[in-house]
Structures are given as structure tokens and as C-alpha cells.
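Quick heads-up: structures coming right below.
Paired with subunit B in one complex and with subunit C in the other, subunit A is shared by the two complexes that follow.
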Partner chain A sequence: MAENILVIGGGPAGLHAAIELAELGVNVSLVERDTFFGGNPKKFKYKYLFPDLQPADNVIGELVKRAESNNNIKKYLSANIESFKEDGKKFNAVIKSSAGSETKTFDSVIVATGFEHFDPAKDSKYSYQLFDDVIDIKDLERMMGEGNFTRPSNGKPPKNVAIILCVGSRDRHVGNQYCSRVCCTVSVKQAIELREHFPETEVYIFYMDIRTYGFYEDLYWEAMEEHDVQIVKGRVAEITSGPDNTVICKGEDTLLRGPFEIPFDMVVLASGMEGGPQSPEMAEKLGIELDEHGFLKQANVTLSPFKSNKDGIFLAGACTGPKAIADAIVEGGAAAMKAYIYAKKNS
Partner chain B sequence: MAEEHNKNSERPVAEKGEHIIARHLVDDDAIKEEKNLVIDGVDVSGRWNTFIVTRVDSEFDRSFFDEIQKTVVGSRINRCWQCGMCTASCTVTPLYRRFNPRAFIYMMQLGNLKQLKKYIDVAWRCVGCYKCSQRCPKQVNPAEMMEALALLIKRYFPEEIKSKHQLKIDEEVKAIYEGMILGHGRLDLANLHTSAMRKMGKTTELLSDKDERGAIFKMMKDGRALSVLRLGKPHKWHKSKDAIDNYLKHTGTLEQEGMI
Partner chain C sequence: MEYDENGVSIVSNDFKKEIFEEAKKDFRYEEYVKGCLNCGVCTGGCPPHRFFDFSPRMVLQNCKSNDPALVWGMMDEYVWACFQCFTCAMICPFLNNPGGVIAILREISVRRGFESAKKVLKPYSRVLLKLTAYGNQLSPDMIQPDFFPDWGPHIGYASEDLPLKRKAIPMPTLQVTNLAWDVAPEAMKELYTIFDEAGVFKIIEVVDPSLYEIIQDIVDDVRSE
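Now for the complex of A and B:
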């Protein structure tokens, strides 16, 4: 008899887990809260992915296609888990979708509920939503994805752009002390894209540390050496309106130990990743633990990062912490293996 | 030791702006005082007319960056990420704390002439040991960036250089410079510096100045002087030499407009 496994979340990690399990012959139920699969990359229309700037569709579109064409995967869109109960070594779940409620028994569960982009409006110092020309990392992705890539206030190319790192990350004031890991690399990628799209535009990155770890460093070097992107050390503490329809970034240049107030045509806030409201919701429903950062807690961060604190429930992707799409896909595969072994042993 | 030479701690409290609390933190140039000042019909002569010019930088001027990037010596300005390896390895910095290649490159990147102007007196002190260029993880070539800096200063602050330091690049010094380049393929800045001083009749100053004497003595003692002198000729120098000779045959001069 084939195993039944529940995958919650249809982003990169969930899709990959579902595909791998389906190819092993498992009956997979893939539950997605949105009306489409592909997660945040699809929702915000990411256009190109770091580090090789390949079209996002090569990755996300491909995963969606493979999941959709696999008959071992039962797909539930606009769906959620209405109730969830343990039954010995198995789990009973009620899946509610537009087609109605369905009760099913599963041998194991993979949670891949992902992350939410930090909402910069929560941090008033950046004046997000106050000025048209202050946008964030996901807005810029969406603008590029939609091919509508100009200065929001007047539709013209910006003369200069400030990219501000660590927005909503590494900041006790907003409650997030962790580093969101990907924003630095996404930002240098966006800086390159900005420079390629508007060769006359000056691009500055305001940083405290630049953490383009591993080979992502190549992109950082490329941004500086091939595209003349200028990095300026210091976090911006305030954004105010300036003359001639500009916004002023106020901060301290910590290398020169002097204050600056520079007018920019456009500001891009590199907002980080948060656990989102779905993480506490899932934790409560499934009876698993949250960590102190608002993400789902791994049983052992080093030895068993794909296990939750409850046997039979496994974790994959950005629901356990900020990570890149590539890492989420890897984790989807790893969690699939763990969930399969558990189901095999107990079915 | 080195702190003694730090200009900030040495500066006496001037009469100018003497009412300012923590006067020593404010640069002389940043204090504006008018003899008679009337604002909105109110006479504010006296101690109320002292103003401090804001320290806030309100512009990044990339035209300097572009200008420097176009020169041979400054072509890699876009590479610098401010790690400080150059300053850490610098021969000069331990003796002149205000000589900081890392900071100078940053000021050039951002076109911050306001800051650069404060360092005209030390900015030319690079001895050309190339330790920074050898260690730089991004191959910025900071040693030659210091030459780009000298060019920038010469162009934008000609008056300050003349009045403050009476530096004159005369024909004779140029001849020494060309002699080095053509003879050895390398620029020995320490040698050029002493030759220039000698040509200007400042041989005694070279050894009478406390800083200068101390520097020479220290560098002899710890071996840095040797490493500066040991540069030698570049690899396969004769080929380059032939090319330069050939070039000179056509142009007659090493100088080229806008290029160094």
C-alpha cells in the first residue's frame, strides 16, 4: 500500500518535496493557501535569481510544471488545514479548500510554509508608503518582473538610487535580531540590474556589513568592479523629503565619522525575511514549537534540521529561518527523504 | 609617540570662536564670525554672531570618481571596499597617523573634497614601497592611487599647495622623475622626495624637521628603508624600455595631456 504524506506549502521547498515523494510513488497531498503554486517568488514576480541571474521562471515555473503534471500529487489551492490530530503514529487532517472539506489520514507531514517579506511600514524611520520613491526589495522585484521599471513618482529614470541594507533585520528596535541572509546578495543583484537598465544612474549601497556568503561574493565583486556600484558604510536612520522631488537619506558615514544627508531620486529598502503569521498558526495547529525569532523550531539545528520537535512532522525551507531559494529546494528534498523513511517504517 | 604629531591635539585654542564649548572639536575653517551682523533688523554683533558651518555631507560627487577612474594610476578606484589592508601595511601611517590611504581612497570615491582638503599637508607622503599594492585583496593598487590623489590635489587645490608648502614641480624635478622611470622602470618616491627637497634648497630641512628625521631614523632601524630601496627593476624591463624609447622617438616627451 502506498504511503500518504501531507505537504503544507507550495513554494520552492514544498513543491520540491512533493515532486520527490510523488516520484517515489507516494500519494502526496499538497496544500497551498494562495490561488497558485510557487510561493513568494511567484507572488512577487521575481524576475532573475542570484547568483547566475537566470530567469526565475526556469526554476519556479519548472517546479510548478513538474508538480502539476504529476498524478501522484493531489493539489489543494486556496486551501488550509482546518483541523489536525495525531492518531497513534499517524495524523488525521481536515483540508479545507474551495472544493469543500476533506478528511485524510497521513503517515507523515512536511511543513514548508515559508516566510513573509518584512513590511518596512512597520519601521517608520524609513518613510515607506509615505514617499512614492521609497520602495523595497520585493517592490523592485515586482517592478522588474512586470517590466515596469522606472521611478515611481514620475516614471522617469532615477539620477541616483540608494539601496539600504538590513531593513527589518539585525535591529532590536523592530524585534528581529537575526540576519536575513539573502538581502545583501539580492541587493547587489538589483544594483547590477539597475545599472544595466539605467547606465546613467548612480547606485549606492548603504551597509553595516555585506554578507554575500560563499560564491555569492562573485556578484558583489561584479557589482563594484564591472558596474561601479558604490558602497557607503553606515545605516540610514531617517528618510525625509528633499528638494526637487527627492528623498533625503540621513545617516552617519562610519568610515569618515561624519553625518550625511544625501538627496536621492529613489530608495530601495532591503527588507528582510520574517516567519510571518502563518508560522505561529501552524505551530499551534500541529502542536510543534516556534523559536525565539518567530520561525518554526528545528529539533536540532545541526544534526536534524529537517525535524520538528514532534515525530513524523518535518520542516523544509524558509519556515525554519531566512534562506535562499536554492537552499529551500535542497531542504525540500532532504525533508522528503526523512518523511518517506518515517512513513515507510510506520505504515 | 605618534600621537604627539597628531595635529588635533597640538592645536592651541584660537581666539576665533573662543566662546564655543569644546572648541577643540571644531575646525578653524568651520567657524564664521562677522564684525557687524544684522539679521531681520536685529543687530547681533558681539558673541552672538559666531556660527559653525555644518559638518553634514550633503552630496556624493561622482565626477571625481569618473575623473580618477580615467587615469592609469586611478583606474581601479571602483574596486576598493575599505578593508584597510593598505593602511595596515603602510610604511608611512605609523609615523604620520593622519596619512590614511584607505580613507583617502574613500574620499575620492565619494568626491568628498571637503574632507580631502584637510589632509593636503600629509597626502603626498607616500614613499612608494608598494606594500599596500602587494597586500590589497582587491588589487586596487593603493600606492598608485596615492599618485591619483596627488594629481587631484594639484588640480583642485593649487593655491593651498603653493601657499602652504611651496611645492613646485620644476623642470629639474621632472627630469629626475623621468630619469627614474626610464632608467629603472619604477618610481622611487622617497628618492624623488629628497631630490625635490634638495632642488628647492631645503636639504637642511630634510634633517632638521623632527618628524622627518625621526621617520628616516626609524625606517633605517627597522628595515623598512631597505625594503623601499630594494625594489629593483620590473620583470623583463628591457622590453618595456625598448617600447618607451620607441614612444619617445615619436613624441619627444613622456607627458600626455590628462594622463599619468
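Now for the complex of A and C:
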């Protein structure tokens, strides 16, 4: 008899895990809280993915298509796990969706509930939601996805744009000491896209450190060398309103200019990633542990990063910490292998 | 006292080390100095940074360097440029408190009666005298251009015709210029007890011995009433 495996979350990690398991002949139940698969990249309409700027739809759309066309995957949309109980080595779950409640027994479980974008309104110094022209990384991604690169306040092309890194990350005031890993590369990518779309627009990136790790560094150098993106070391201390419908970024250029107050037409806040409310919810529901950063806790960060602290429950993607889409997809496959081995041994 | 080309008083390396150790021993130091990655948020938001060569980021960096010479470099004029508004502490992503470090360094400067402390506190000797003599902190007759240059270009106008200006205030006042309010002798005595316990009189003795003598005469008078 085929194994039954539950995959919670239909983003890049969950989709990939479900597809891999289905291709092994496993009966997969894929549970997604939203009305669609594809996770945050779909929800916020990511347009191009770093590092090669390939259309997001090539990746996310492809994963969704493969999952949707696979008959071994039972799809549950607008769904959640209503109750969850261990039963020996197996798990009994009640899946509630628009089609009603369904009770099923699973041999193993993969949690791939992802992350939430940090809400910049939580950090008042950035005046997000106070000024129309202060937007964040996901807002710009969605705007660009819709082909719109203009200022929200008046629909005109911006003369200059400030991109501010580490919003909601590496900041004890907002409770997130960790680095969100991808925002630097996404911001560099967005800076290039802005420059390509509006060659007259000056783009500044304000940083504490630029963390375009590994090969993502290529994009960072490209932004500087080929697109003349201004990269300034100094975190912005305050955003206020300026003359002529501008917003003023105030801070210290710690290497070159000293203190600055520069009026910008548009400010993009590179808001980081958080475990979101779903992480503690999953931890409580499934009886697994939460880490000190608000993400789900890996059994061993080096040796068994895809295992939770509970046998038979595995973790994949950004639910265990900030990571790139590419990494989430890799983890979906790795967790699928772990979940399959566990199911095989115990079914 | 001799000064180097940066206006920093010349002292021995051992003395610089002693001062730095004294700062680090302060019970608040560990809480005020955590990590620093030079993001510049503190200095970007620092009001005095707009007017002086003062940077809370440098305060933190100097402390983190563990170099007593860099910390000593702030002990003369530098520490007195801070407004003590603690904006830096409010916005530092690491929860450092550069303004708090300044407070620790200033206290050392005052306790030890450094020249810079004496100079900076000179205008405040009049405040202390007023406080000990009358229990008032500031009265109109103390507003004089020489002592409050930081009040800006209107200080001259503000210090003229005080009795007349007092009369123009549209609410009841004491109609005098040497007092803001009346303080009962009992309250004064309690104030002296607090000053004694908190070591305020001792600090005044170090920073301004002649002022200390005047104040002690007043204190003795009030206490014997």
C-alpha cells in the first residue's frame, strides 16, 4: 500500500516536496491556507527572481503546474489543519477546507508554512503608511510585476529612489536580531530593474553591510559597475516629509559625506522575513518547537536541519528561517526524502 | 595643563588607562556598550551632530576599540558637546546607549575636577548658587548674554528690561526678577540633606571651591534658622 504523507504549505518548498513524493508514488495531501498555490512569491506577484532575473512564473508557475497535474497529490485550498494527533508512529489530522472536514491518517508530515514579510509600519522611524512614496520591497516587487515603476503619490517617474536595507532585520528594537539573508540581493536586483526601466532615475542603496552572499555578489557588482547604483554605508535614522512632495531620508554616510538629509521621490524599505503567526500556530498544533527567532526549530541545524524535534515531522523552506526561493525548493526535496524514509520504515 | 594639536590635554598613558578602567567599572557601562557595526543611525539622528564635531557612533567605536587613548580623546571638550537627549539610545539597533556613556565620562570628569568640567560648568555655578540659596533653579535675572551663549542671538534682548517684561506676563507672578517661586525653609533643608547624601556638595567643592564656600555659608544659615 502506498504511503500517506501530509504537506502543510503550498509555497516553493511545499510544492517541491509534494511533487517529489508524488513521483515516488506517495499519496500526498497538500494543504494550503490561501486560495491558490505558490506561496508568497505568488501572493505578492514577484516578477523576476535573482540571481538570473528569470521570470518568477518560470519557477513558481512551473511548480504549481506540476503539482496541479499530478493525481497522487490531493489538493486542499483555503484549508487548515483543524486538529492533529499522534497515533503511535502515525498521525491523525483533520483537514478543514471549503469542501468540509476530512480526517486522514499520515505516515509522516512536512511542514512548509513559510514566512511573512516584516511589516515596516512596526518601525515608526520609516514613516511607512504615513507617506505614499514610502513603500517596501514587496510593494515594489508587486508594482514592477504589474509593470508599474512610478511614484504612488502622483504616478510620475521618480527622479531619485532610496532603497533602505535591514528594515525589520538586525534590529533589537523590533525584536529581530537576525539577518533576513535575501533582502540585499532582492534590493540590488530591484535597483538594477529601476535603473533599466528609468535610466534617468538615481538609485541609492543605504546599507549597514551588503550581504549578497556567494554568487549573488555578481549582481551587487553589476549594480555598481553597469548601472551606477549609488551604494552608501549608513542606515537611515528617520524619514520625514520634504519640499515638493518628497520624503527626506536622514542619516549618516559613515564613509564619505557624514550626516545627510536627502529628499527622495520614492523610498523602498527592504523589509525582512519573519516567522509570522503561522509558526507558533504550527508549533502549538503539531507539538513541535519554536526557536528564539520566531521560526520553527530544527532538530540539529547542521546535521538534521529538515527534522523537527518530533519524529516523523519534517521541516522545509522559510519556516525554519529566512532563505532564498532556490534554497526553499532544495529543502522541499530534502525534506521529502526524509519524510519518505520515515514513512517507508513505519508504514 | 598642556594640550596636543587636537586640543586634548596631554597626560600619561597610565592615566588614560586609569580613566578608561574607571568608566568600564561603572555599573551602567556594560548595559550601555554592546556591539556596533557602524550603521550610523545614532549619528544620523543626533541633534548636536548638526552643530558640532560630535558623533555618538564614534563614542561607541572609541569604547569598543579598548584603546584608552581614544577614550581619553573625548574627555576634554568632546563629552560636553552631547545634548543628553538620548535619541541615539532610542534608535540604536543594537540597543547601545552612547549618551549614557557620555554621562559616565562626564561624571568622571566632574568627580576628578578636570579643567574642561570646570570650564563647562562655570555658568551652572550660578544655577547652583540660586538653587542652594533660594531653592529656585533659574530666575529671570540670571539670563545674561555672557553665560548663556547657547540660547542664541536673541539672548541680548531677552536679558533686557526684565522687571517690565515680568509685569507683562499675563498671569500672577511674584513680580520680582531674582525668584521664580517661593520655597519654604523646610523644603530647603530637605534639599540640603539630599545634596549631602548624593554627594552634590562634594562635587561643587571639587569643581568650584570658592562657590562651595559661599554655598556652605548659606546652607549653615538656613540650617540654623
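Note that in this section the second predicted complex is superposed on the first by the 345 of 347 C-alpha atoms of A that agree within 3 Å, B and C clash if a C-alpha of one lies under 4 Å from a C-alpha of the other, contacts with A are read in each partner's own complex, and residues count from 1 in each chain.
We take it that a residue touches a chain if its C-beta (ideal position, glycine included) is under 8 Å from a C-beta of that chain, and two chains touch if they have at least 3 such contacts.
Remember, predicted model here, so these are calculated numbers, not experimental data.
Once the two complexes are overlaid on the shared chain, A:311 sits clear of subunit B and of subunit C alike. Touch criterion met: A:230 reaches subunit B, while subunit C stays clear of it.
Of the two partner chains, subunit C is the only one that A:238 touches; subunit B does not reach it. In the superposition on chain A, A:196 makes contact with neither subunit B nor subunit C.
When the shared chain is aligned, subunit B and subunit C each come close enough to touch A:253.
In the superposed model, A:209 lies in contact with subunit C only, and not with subunit B. Looking at the shared chain after the overlay, A:262 reaches subunit B, while subunit C stays out of its contact range. In the superposition on chain A, contact is made by A:170 with subunit C only, not with subunit B. Once the two complexes are overlaid on chain A, the subunit A residues touched by subunit B in the first and by subunit C in the second are 233, 253, 259-260.
Those residues of subunit A that touch subunit C in the complex are listed here as 125, 166, 170-173, 208-209, 233-238, 250-254, 259-260.
Of all the residues in subunit C, the ones that touch subunit A in their complex are 37-45, 49-50, 55, 57, 91, 93-95. Chain contact summary for the complex, subunit A toward subunit B: residues 160, 202, 204, 210, 221, 224-225, 228, 230-233, 253, 255-256, 258-263.
Subunit B meets subunit A in the complex at residues 55-60, 62, 65, 69, 78-79, 81-82, 102-103, 106-107, 109-110, 112, 115, 138.
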